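Structure first, commentary second.
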Amino acid sequence: MENTFEKRSISYESAIKMINAAHEKAKEIGVTITVAIVDESGVQKAFGRMDNAPLISVKASLKKALTAIGFGISSGQEWFNFIKEDPIMREGVHDFDDFILLGGGSPIFIEGKLVGAIGISGGHYKQDEECVKTALNIL
Amino acid sequence: MENTFEKRSISYESAIKMINAAHEKAKEIGVTITVAIVDESGVQKAFGRMDNAPLISVKASLKKALTAIGFGISSGQEWFNFIKEDPIMREGVHDFDDFILLGGGSPIFIEGKLVGAIGISGGHYKQDEECVKTALNIL
Amino acid sequence: MENTFEKRSISYESAIKMINAAHEKAKEIGVTITVAIVDESGVQKAFGRMDNAPLISVKASLKKALTAIGFGISSGQEWFNFIKEDPIMREGVHDFDDFILLGGGSPIFIEGKLVGAIGISGGHYKQDEECVKTALNIL
Amino acid sequence: MENTFEKRSISYESAIKMINAAHEKAKEIGVTITVAIVDESGVQKAFGRMDNAPLISVKASLKKALTAIGFGISSGQEWFNFIKEDPIMREGVHDFDDFILLGGGSPIFIEGKLVGAIGISGGHYKQDEECVKTALNIL
């Protein structure tokens, strides 16, 4: 019998680097964003709201990260592809807790393991997704 | 290093004048309404429920104000224009916290700054919007 | 009529420097902590959980920051001094929302203005307070 | 059989006059307060936060009003007298929803009927109580 199993969890050092990279990208494309990072257990790890990022981004960034960690798929297109042909899922998905169907949340995989998730909000969701991509690329 | 940045916040004096103006308009067009005003950070600033305003208006007025402050656009037509062509946003927008897609919530801009938001509920949303317009005009 | 009034809000740049300074201090004294920073309106601004910081620190750090921003006094000794002689306050204070009577939360004043608050949790509250002091000193 | 019974409910006109009177008193004694008024059913009727009133006052004012309407007695000394000799009540009272044991909340009686309640927060609770008294006196 195995008494325990291993988890891999995003380090704070990596999390803050991802936030910095996302903020830089946001400045470059002219938006102000909030970035939330949760660990593999959905516990908040790091969070950074740029000055003047829209108020909606404070809760939405965390919700996107929680959506992505929930099933290990991104909060926008991936979740949408998963549900779009099934009328029950299409409606029922919104009943999940801590769920938002909107681009800008992504799981963080390192060496094939789901170690956390990132959620970004502040611009159009396509801009948020660009910032997510930049953040993931630094890993 | 800049340690702080400036925000401008709606004054109580202006907020209560907006409520009074909205109530007057409501009497003129024959509806009873509730008016909620939040500051630039979404914190409740002033609130006034006319006698016999429908019960739904108590929470809906605040929710409309919070929707408007979240992204700085009105809770009805402006939000709808933002999402109407995109099937994911069309569904996902309802997953935001403190969000209602319904006319009667508007950001309050003074000298180009987002200083708060107003939400009105009680009549048909087109009547609510008329009262919002009247309230914004006194500034 | 004054339509608006000014607020000053802690910048993200300062907030993240405070978190870094607190983390450094924590390493020096041998604890792992979480640091939460809220703005002048109690909205989360920045957050950083060191790897292996105790789980209790995730919510406690935010609660300490919210306690400090609520009335502009620290969550430990200052609040205790305010209530200790009054039997009603002594009990009733725990009924406040977002309140914790425990050292490690402090208002952030810059040029005499309350611009935000910091909350730290992870060690004994006296260690948390040391880290708070270090963070405040970088401003 | 009586199918219905009568309620008497605080009018908006009276509620806003109470808020104005409380704000005036607050200015006189040098504090900034928030005033919340609920009707006989605990539904928010009117609300006014003075510029720069402490953040804690936003939720605490409403909680004091709800405490006062809950049983028709004030949130401070009256509730305390009711519970102080009974060890079970002394502890259990804090488990009520929407309850705070702290001066500054008072029922509003008109012609012997409980028609609403007022809650004030922002100063020391003794200052809040002064403002409550002033507000009640205008009726």
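Order as written gives the chain letters A, B, C and D; numbering starts at 1 within each chain.
The rule is simple: a residue touches a chain if its C-beta (ideal position, glycine included) is under 8 Å from a C-beta of that chain, and two chains touch if they have at least 3 such contacts.
Being a predicted model, the structure only gives us computed values, none of them experimental.
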Exercise. Work out which chains are contact partners of both subunit C and subunit D.
Key: B
Self-check item: Each chain counted as touching subunit A and subunit B at once
Solution: C
Exercise. Could you put a whole-Å number on the gap between the CA centroids of subunit A and subunit C?
Key: 26
Practice problem: Averaged over CA atoms, how far is the centre of subunit B from the centre of subunit C? Could you give it in whole Å? | Solution: 31
Exercise. Express in whole angstrom the distance between the two chain centres, defined as the mean CA positions of subunit A and subunit D.
Key: 42
Quiz item: So which stretches of subunit C touch two or more other chains?
Solution: 5, 9, 11, 41-43
Quiz item: Touch graph across the chains, line, ring, star, complete or other?
Solution: other
Self-check item: Pairs of chains, among all present, that meet the touch criterion
Solution: A-B, A-C, B-C, B-D, C-D
Exercise. Using the touch definition up top, name the residues of subunit A that touch subunit C in the complex.
Key: 9, 11-12, 15-16, 23, 43-51, 55, 58
Quiz item: In the complex formed with subunit C, which residues of subunit B make contact?
Solution: 1-11, 13-14, 17, 39-43, 110-111, 113, 115, 139
Quiz item: If you look only at subunit D, which of its residues touch subunit C in the complex?
Solution: 51-52, 54-56, 59-60, 63, 76-77, 80, 90, 94, 99-103, 125
Quiz item: Any idea which subunit C residues touch subunit D in the complex?
Solution: 5, 41-42, 69-72, 87-89, 91-98
